[in-house]
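These notes open a run of structures that come right after.
Two complexes follow with subunit A in common, the first pairing it with subunit B and the second with subunit C.
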Partner chain A sequence: MTATPILQLRGIDKSFGPVQVLHDVSFTVHPGEVTALVGDNGAGKSTLVKCIGGIHPIDGGEYWFEGERVHVHSPRDAAAMGVEIVYQDLALCDNLDIVQNMFLGREKRSGLVLDDATMEEMAAKTLEGLSVRTVKSIRQQVSSLSGGQRQTVAIAKAVLWNSKVVILDEPTAALGVAQTAQVLELVRRLADNGLAVVLISHNMNDVFAVSDRIAALYLGRMAAEVKASDVTHSQIVELITSGRSGDLGLAHTNGATA
Partner chain B sequence: MSAAVVPEKPDQPEKPEKPRGSGPAKSGTAGAASLRSAARTYVERVRGGELGALPAVLGLIVLCAFFAALRPVFLSELNFANLLTQGAGSIAIAMGLVFVLLLGEIDLSAGYASGVCAAVLAILLTDHGWPWYGAVAAAIVTGTVIGLVLGLLVAKVGIPSFVVTLAAFLGFQGIVLMLLKEGTNISIRDQTILAVANDNLSPALGWVLLAVSVAAYAAIQLRQDRNRRRRGLSTAPLSLLAVRIGAMAVLGSFAVHLLNQERSRNIIVDSLKGVPIVVPVIGVLLVAGTFVLQRTSFGLHIYAVGGNAEAARRAGINVAAIRISAFVICSSLAAVGGIIAASRGNSVDPNTGGSNVLLLAVGAAVIGGTSLFGGRGRVVDAVLGGMVVAVIQNGMGLMGYSSGVKYAVTGSVLLVAAGVDALSRRRAVQR
Partner chain C sequence: MKAGPSQEEIRRHNLGTLLRHVHIGGSTSRAVLADRMGLNRSTILGLVSELASAGLVREELPGDTGRAGRPSLVVRPESDRVYVLAFDVGVDRLAAARIGLGGVFLDRRETPWPHGGFDAGEVAGVLAGFARQMVDTAPESTFCVGVGAAVRGLVRRPDGLVRSAAHIGWEDEEFGELLTRRLGLGLTVAVENEANLGALAEHLRGAGTGCQDLVYLHGDIGIGGGVIVDGQLLGGDGGYGGEIGHMVVNPRGGRTCGCGARGCLESEAGERALLEAARRDPSATGREAVRAVVEAADRGDISARAALHDVGDWLGIGVATLVNVFNPRAVIFGGTLREVFLGSAAQIRSRINSQALAASREHLRLRVGELGDDAVLVGAAELAFSDVLVGPLEALARTGG
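Moving on, here comes the complex of A and B:
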């Protein structure tokens, strides 16, 4: 790829006490692309994402953002750069409406009073930019939304702040077939709008449906970062389960000794 | 949050009909059609479990009709005024409780906190000769400090609010006794304090106040409507706005007219007419509380913490600070309730804020539609629920029932209200 990556991790190490969770992990994310992050349970996907989001400090390695080396110490630092994470459990307030949820903690005010009209306009514009047409009114409570619509709101909330990198943690895990298709379409649209999207998923169909690149973690190491068009379904499954597949993958895969 | 993951219903396709934002009244034709669609939206919301003030309003109408049919004196001007002054103290406490209940917490000590504040007021006024404003300020500051301590114990130490305030309930009962020297009663002679619950506005002032309130409400609503219309956002139909403002004017005029009638039994001794002073006092608290909850980000954060504390934390909201401030508001409003009670009783004794005061206040908030599970409720709920409670107490008193029966009935109504709350919540979650 000729384009410079927007986010690049080089040789990241991360331990929790005596347990080293990430070994020398490199990870690259390009704008306008969907990068799928795959790996078995315990491979370190969540830890890697939390390091990117500033929730866990990294022990070693370099964090580059837009061509510059940065130090991310807190979620606030990550948010300030334009990195937003949509967690699996969504973190929406059921008793608030869509607009209120999208602006929660960052409300627009005029003086002392909430500027509802401006927030509603911005929220409507964001949803329109994502071509979201499934919600009846942006003033309806989140409790009245379906799972897919909730996911849409959570993603729109992440996009609202001119973010550059959006990380989605298993966005389709709890959804039905039609809703999954809707959310994947939205994921694709985010990338087409120029954002860098990181998609964590266990579902190979989803991964191949939307991603441009696939990064496979195996026992805390980056087994491979490949273009989705260069690999097959079964190769990725092999990378996930054994860390290598033919020429791809780690040289030594026998446990954590290497 | 298991409730956050709603199982899909494949047979219910999402309706693609309307792009968001464009409400039914975007065209600006404020006619019967838009009024009807507004009504339809409301019915949908109620069926979805968002009952709002509906049960309290219906209950109020049914109870009033019931008592009026059996005891015509219930509808007399004198009794109407009594009803308002009887309810005012616990309504003020209930307004504070709404803030705490919104977080899904409880304050069992609000009743005796109001007693402590009333005792402080009485001692400073009567024993130390303070001016009324100094004593009132001291009483409210006492409430604020109480709230701060309770809030810190709940939010920082992490003791469940039920336990903290149950301990405070006992503790404050003791403090009231100690302040009042083991049960003597301190009478209040300050004319200003006595006027709060016992005097009335002049009839003319009552009308002026009503006119100003209606005009201000109409101006705010219309300005908001014009602003939204100009930006092309969805608005409620103008006809609905007109109905609301009209209803406020008509009901208000009816009440003011009724209260401006002479209701003294012996006009030669004393003339008794006009709107009781507690009414505008409660009105100011209602407007201020509603403004804080509905129009400021602080209010929004209270709802957010009550709805999903983890989401609020991730959104960067200081959850502990929100919790503490809710307890501060609750105890400060309890102080106001204590001042009203002291004024109404002309004195403070160890029972001020005791016995059933707290339970009536919690009952008022819940009957009005504030959820015990947090996240749902408004300040006006306290007023509506407080009126329901006052009507029950007053009406059953007129029917000659003993206080035993009154307690039992009020308790049952509270149980019904909490049941409605639980069921409507389940309905909202199940969809």
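Moving on, here comes the complex of A and C:
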């Protein structure tokens, strides 16, 4: 479980014009583990994720993947390495069914026509591999699915491509308790199947329920990367709100310590 | 003096082991079986054909393996031919299921059962009624090879005497014998504590698969517990081991528990404690009431949040002790504790991280049960199958197959 990290960022800097959003951020993700990425609004979580996904080019620092230094210039580069991101809005098309959504833009062809049979089989296999039993038919339109089922489809879509790292942005926000439970179980299962999962969440119960490691961002800096078995709830809250907690966290915190 | 196991004993052992592999693991190729059991392929072939001619397994071509060469046949359990009956005597429901080899639910019956009226004879009567319906509607040439029942109480080993089941008012009830007589199937009913069976089920088929050391907590009207140590269910001297719900966590300030002690985990973190702390209507109990508290907390209800915070704290204190004592790989929260865990994981984890020894908690996983409400029935079925898996052919011969 503590094998070499699959994804490692070292000293990442990122600015938008005059505003520096990420300062010297390092971030490590291990296969078979759920790494929770926590931080207050504006701490830089989404920017960091978009840098990993190749949407924003990084200004400085190193991006290592499977032990090799890589240069990621576009989402396509990231996808080719096996990094998939599920955004909060899920980006599913309501007027298409589950299979069509899962293969959207990457459809399988046989000759000139779409290879529906293969796509259906792959989609069914992926959902089965995740023990998803809540979806009645994979030919169901996405508009007819509940919030939890949509999240499930979006996650399955990310897993379909033999991805190695799956990043989930607030997957349980706006879900009820029962559906949250389903999604969290799925998150855990992804990691148990050997994937590296990054979970962005504001809900401390979700974070402590499934994660193996917790990384806390504070005002664009990585305050701490800790194992979930070594910290308490209040320490994480302190890291999020003030960047440090006891021996953990940043040495100097932009004057926000007092 | 005996020189060692005879050839016949070895063969019986191998037959049982092979059947267990496909019963738990599902379709498995002969090559994989040979590898796992450390036997050569021709021995496996012999064992498989013996089990196949008894109708316990079937061989078939696997789906596309994507590899070159002639695929090895897969051996799968014959779920339609032999089955067991599993019973669950709940606090507010009675459930029964007919479960085939391989753990497949073939049929099930359930009825709500009001609080209070728990005459053991009446319960056995209802369950025997379910059993008769299910056995009668089972296809011909199928037969029952075992019966297992779960009760919420202390069950003596090996005879299955229910020493006490406080929630349903039983005391020294010979429930197993009673049910055996009522069923009239010629099979002895194996009785076991419900949380022990939940632990067994999650260990074999759920969140604890592949995990040799685990602790299972089952939330119901109380808190039941089951402990798996080195792949075996911890029973203790009389079979009463693993009563985690009655581990005292708060002896001075705690509430009085149904068992008479003060500050048991069950009285501090059980359903009643949660509902009272959240100031819920005392008449509404059960899973729905617990879920409502978790949902209210999620929406921001302050008293619900405080209640979950407290209950999570006590659960964490209890689990931290269990982690120190058993050093489990996983702690699994089942029954209503599933919802409670998801609503208070931060408290539970924090307590464990500050109270359990660093080395013991290092690789600890906290999980929710995967089998949901079926865990107890699945466990009861596994108990019922145990005879067949020890000596498949002998067990069949006994039941007339």
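In this text, the second predicted complex is superposed on the first by the 251 of 258 C-alpha atoms of A that agree within 3 Å, B and C clash if a C-alpha of one lies under 4 Å from a C-alpha of the other, contacts with A are read in each partner's own complex, and residues count from 1 in each chain.
By definition in this document, a residue touches a chain if its C-beta (ideal position, glycine included) is under 8 Å from a C-beta of that chain, and two chains touch if they have at least 3 such contacts.
It should be emphasised that the depicted structure is a prediction, and the values quoted were computed from it without experimental measurement.
If you put the two complexes together on subunit A, you find that subunit B and subunit C both fit without a clash.
Seen from the C-alpha centre of subunit A, the directions to the centres of subunit B and subunit C diverge by 100°, a value given as a multiple of 10 for the model superposed on chain A. In the superposition on chain A, contact is made by A:136 with subunit B only, not with subunit C. Legend: residue contacts after superposition of the two complexes on their common chain; A:93 is shown touching subunit B, with no touch to subunit C. In the superposition on chain A, A:229 contacts subunit C only, with no contact to subunit B. Legend: residue contacts after superposition of the two complexes on their common chain; A:178 is shown touching both subunit B and subunit C. Applying the stated contact rule after C-alpha superposition, one finds that A:205 touches subunit C and leaves subunit B untouched. When the shared chain is aligned, no partner comes close enough to touch A:80: not subunit B, not subunit C.
Shared-chain residue A:117: touches subunit B; no touch with subunit C.
Annotation for subunit A, partner touching more residues between subunit B and subunit C: B.
By the touch criterion defined above, A:107 lies against subunit B but remains apart from subunit C after alignment on the C-alpha atoms of chain A.
Touch criterion met: A:144 reaches subunit B, while subunit C stays clear of it. Superposition on the common chain places the nearest Cα atoms of subunit B and subunit C 10 Å from each other.
Overlaid on A, the two complexes show subunit B and subunit C touching the same residues of subunit A, namely 176-178. Residues 1, 3-10, 12-21, 23, 48, 50, 227-228, 231, 233-234, 295-297, 300-301, 303-304, 306-308, 310-312, 314-317, 375-376, 428-429, 431 of subunit B are the ones touching subunit A in the complex. The part of subunit A that touches subunit B in the complex is made up of residues 76, 87, 89-96, 98, 100, 104-107, 109, 112-114, 117, 120-121, 124, 127-128, 132-139, 141, 143-150, 174-179.
Interface residues of subunit C, counted against subunit A in their complex, comprise 291, 294-295, 298, 338-339, 341-350, 352-354, 358, 361-364, 366-368, 370. Interface residues of subunit A, counted against subunit C in their complex, comprise 1, 131, 176-178, 180-181, 184-185, 188, 204-209, 228-234.
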